[in-house]
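Order of writing sets the labels: A, B and C. Residues in every chain begin at 1.
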Amino acid sequence: MTFVIQLMSGLAVGCIYGLVAIGFSMIYRAMGLVNFAQADIMMIGAFLGYAILVAAPGIPFWLAIIGAMLGAALLGFVIERVAIRPSVARRADQVYLVLLTLGIGIVLSNGARLIWGADPVVYPTGLTHQTLTLAGYPLPAVYLYIAVVMPALLVGLHLFFTRTWLGLALRAAADDPDTAATMGVRPALATSVSFALASAIGAAAGVLYAPISYVSFDMGVIGVKAFAAAVVGTLGSIPGAVLGGFIIGLGETFGGQLIATEYQDSIAFAIMIGILLLKPTGLLSGARR
Amino acid sequence: MVRGLTARRSGFGVLLAAALPLLATPAFAKEIKIGFICPLSGAVAVYGNDSLEAAKVALDEIAKSKMLGEHTIKLVTADTGGNPSQAAQAVQRMIDADEVHAVFGGCTSPETAAAIEITEAAKVPLLSHLAQDTSLTQKGNKYFARIAQTAKTFSSSAAQWVLESRKAKSVYILARNDNYGQSLADAFEEKSKELGVTVAGRVAYEPNGREFKPILAKMAEAKPDFVSILGFYTDTGLIMKQMGELQIAIPTFANTSPAIRQFREIAGPAANGAYGALYYFAGSIDTARGKEFTANWQAKYKRQPTQYEGMGYDGIYVLADAIRRASAAGKLTSEGIRDALLTTKGFEGATGTITIQPNGDVVRPLPFVQLTGDELKLDFLMK
Amino acid sequence: MSAAPANAVTPAQSPAQPGRRGRGHRDWIVFAVLMAIAWLLPIWLGGFALYLGCVVAFHAIAALGLQIMVGLAGQLSLGHAAFLGIGAYTTVLLEKNFGLSFPVACLGAVFASALAGLVMAQLVRLSGIYFKIATFGFGIIVHQIISNWVSLTGGTAGVKGVPPISFLGWTATSRLDLFIAEMVALTVVYALLIRLTHGRIGRAFRAIGQNEVAARSIGVPTHRYQIVAITLGCAIAGLGGSFIPHVFRFVSPETFTWHESLLILIMITVGGLGSLAGAVIGAALLVVLPEYLRDFAQYKMLAYGVFLILALVFMPRGIAGVGSSLAERFGRGRRP
């Protein structure tokens, strides 16, 4: 029984990591950008969901998800225009872009603290404390939503990048902006749209994660593990993000139980470093992007 | 003999204090600077912000009541962010640049430990209202006092109370993996063994942890009679929530958390029945002073004071009382304030009667509570 | 990693590219001016300013090390606080448990940090961004080891009772003594690093930082130089860290968190990526400024974030870059 709970628990955590990691991978695939602010955008999304649930009590949960996604998309669009655009236009080095997204993350988390306060908040909806039983394992009811949203994101993003003009244009712009421009793709618009899209995905992850625990300005720390997940599954690969999430989630759960719970975070990163030493660009690097 | 002498001297002091306002001319009036260090930002900001709010209320009252005669207190505040180095730097500045007479605060134990290293060297008294680490008063520090029980007293009293009243035969301890959680857990474990209660297991969990089900599943296998969670309200809240999800119905002690609204929101229905021990519980002190405080607070803020507000409020009063006595003794210096602070005896505070022992530790009431529905009930007040 | 285009704005480029000798002279003039201020101002002001000088000095040392790694060689480290921590703990444990004098303990600290840096540097064979994320993981692992290895480090309770710096019978009893000891270290490190950046190694670092692929194609053994840059940066962080227990008289794992890593990164960015002077200026600015804005403490991190973004967007070469453009404008005088 304990084993089943550990397994399910690892998978459940992995699901969350994967969900956040999809945002990391998506933006990397679209812009070649490693966005350290992604987890803080997720946090903002979770707070937007909270604001919606407080402002309109009794609103269906899926509407809160969509509302938060729209809000975050707008925010992402603005961030890209104001802060990221100038550096991308200057073709700044990766080091600059990483530092820039770190700065954006700091501003977002501290801005959220000033707006919503330092104390954690809990979603005022019945979903927060509901559970359902799956294979003898009591699962928070919000996993029903996750079970719908995650495959939808996987399929949707795959179709987006392979079938839609915008998706193809984004990939073209990320791979070779100059050639893409001559083909009529406006790189500027492409990056704004992809940043907005990644922000919306981050917000969905935030709203889905919130009922499982709570919302606070520093909840972005979960993004660190999600990052490890995205890396393990190869940055830029959407299925890889989900796979990486499960590997990190299961790894730290079983590792923590077998070795020592106080080293759980270290175990997650040791797994990541170990996998990278074997496959320097992640597990799905061989697969077609 | 000795007692008689002190009594007479303090009697004289009171006389002098009464006479001071009459004698004092503006030339005598002194602005006494007190440093205030607490986390005002970061993950533990709730402790600092509550404390600061209450400290300001206390200072307003003190200024209005002319308790210190013509003297006034000026608070110099600084944020530690819960970071020991930042605390050390802030205290150093208060002493060097602001020339404070005393420092108040230190909410977490590491930041207080860092502050002590500075205040001891500068011979400036430090009064902490929340720091619990037992070792803070064990190193022969001469300028440190606190009004919170040590982790050892707090946790072993709690262990005795819950385990005896629940007639538990075995207990499982979950403790936050930091100095705070671990020192509480050490005392809890020791007391449990002393009472003949089996410690079925003890787990240190990650301070950032959000998923506790694997730990809880293992715990459920050990079938303990009682669970003790020693950590901050965010972790105790999540652990109780997940215990509820796993349908583990074992009576639980959740440290100081049951009094905190956010804990009840995070844990949800699973928090029902949780036991807690508090620094202070509004309404548990049935002295005139205790009632006056909660009534005034209710009138001003339309709610009861939190435990951190109670402690911040009383801490400032204890310090002001020491300043009053130091002034009466004609030694309004850091050293004089320290002497007065360490001889605080039977001080009638809003959170109960406070006596500070020569090593800086405190003797004060400790309320034990149980959460029933959404209501916190006083179970027992250990005097 | 998206291949850095050849015309990328890289930290080490300066707009006018004066002759190497000219730049060398300018570096030494800036060095002399900065060190004169750093030595004299705190001593002249005394009191708390001297204490702040001590805090600035160890941050400046660490920032110089990170500047070599990040600003020059382009090896971004997101876990630099770990090496400050290794330095701080090695020093204090050697002094307390083995009664070693400070210089010996300090050497031990530098050695330990360099060794840890060398271990981390083995990850350079991971490409670009994967390495950066691995450094973050490295920082977390070191922090957890320091927190949990209670029998060695005292765990989260920290280490108290730090002995004063002593050296061949001389003991740093006053704050001024401590400041002098730190400033000697800072001055020496700064001077050595200027020499290094003017030499062959510095050129190789810069070549890697500007375009790793191009550097490899012209025959620079990039991996070897990357390993050297990382190890050097970490060793210098260890040297800076060895002063932390003496400045604060207390060490605890909570000093060496992600927040501290980020702070040093902000220092070198705001000061000017690639500029040694920028590292020192950034350290001074980020330590001193918050002290004068104490009433706005709750906005501090927000302001840091905004600073970082503004610096990257509007002055990618930082304060040092702005300074050198101004100097050039004046230097050109009134030429038409």
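Couple of notes before you dig in:
Here, contacts are C-beta pairs under 8 Å (C-beta built on N, C-alpha and C of every residue); 3 or more make two chains touch, one makes a residue touch a chain.
For reference, the UniProt names are A = Amino acid/amide ABC transporter membrane protein 1 (HAAT family); C = Amino acid/amide ABC transporter membrane protein 2 (HAAT family).
Because the structure is predicted, anything quoted here is derived from the model rather than measured.
Pairs A-C and A-B differ in how many C-beta pairs touch across them, and the larger number is found at A-C.
Farthest chain from chain C (centres taken as the mean of C-alpha atoms): B.
One inter-chain figure worth recording: chain A and chain B are separated by 39 Å, centre to centre, where each centre is the mean of the chain's CA atoms.
Averaged C-alpha coordinates give centres for chain A and chain C that are 32 Å from one another.
Shared contact sites, meaning residues of chain A that touch two or more other chains, fall at 260, 262, 265. Residues of chain B in contact with two or more other chains: 41, 177.
Multi-chain contact residues, meaning those touching two or more other chains, occur in chain C at positions 147-148, 298, 301. Residues of chain B touching chain A in their complex: 41-43, 45-46, 49, 177, 203-206, 208-211, 213-215, 217-218, 220-221, 234, 237-238, 241, 244-247, 262, 265-266, 268-270.
Of all residues in chain C, those touching chain B in their complex are 47-48, 51, 55, 147-148, 155-158, 160-162, 244, 248-250, 252, 254-255, 257, 259, 291, 294, 297-298, 300-301. Chain A makes touch with chain C in their complex at residues 32, 34, 83, 86-87, 90-96, 98-100, 102-107, 109-111, 114, 174, 224, 227-228, 231, 235, 260, 262-263, 265-266, 269-270, 272-273, 276-277, 280-282. Residues 1-2, 5-6, 8-10, 12-13, 113, 118-122, 128-129, 131, 138-140, 212-214, 216, 218, 221-222, 253, 256-257, 260-262, 264-265 of chain A touch chain B in their complex. Listed in rising order, the residues of chain B touching chain C in the complex are 40-41, 77-79, 82-85, 88-89, 92-93, 96-97, 109-110, 113-114, 117-118, 121, 133, 135, 139, 177-179, 182-183.
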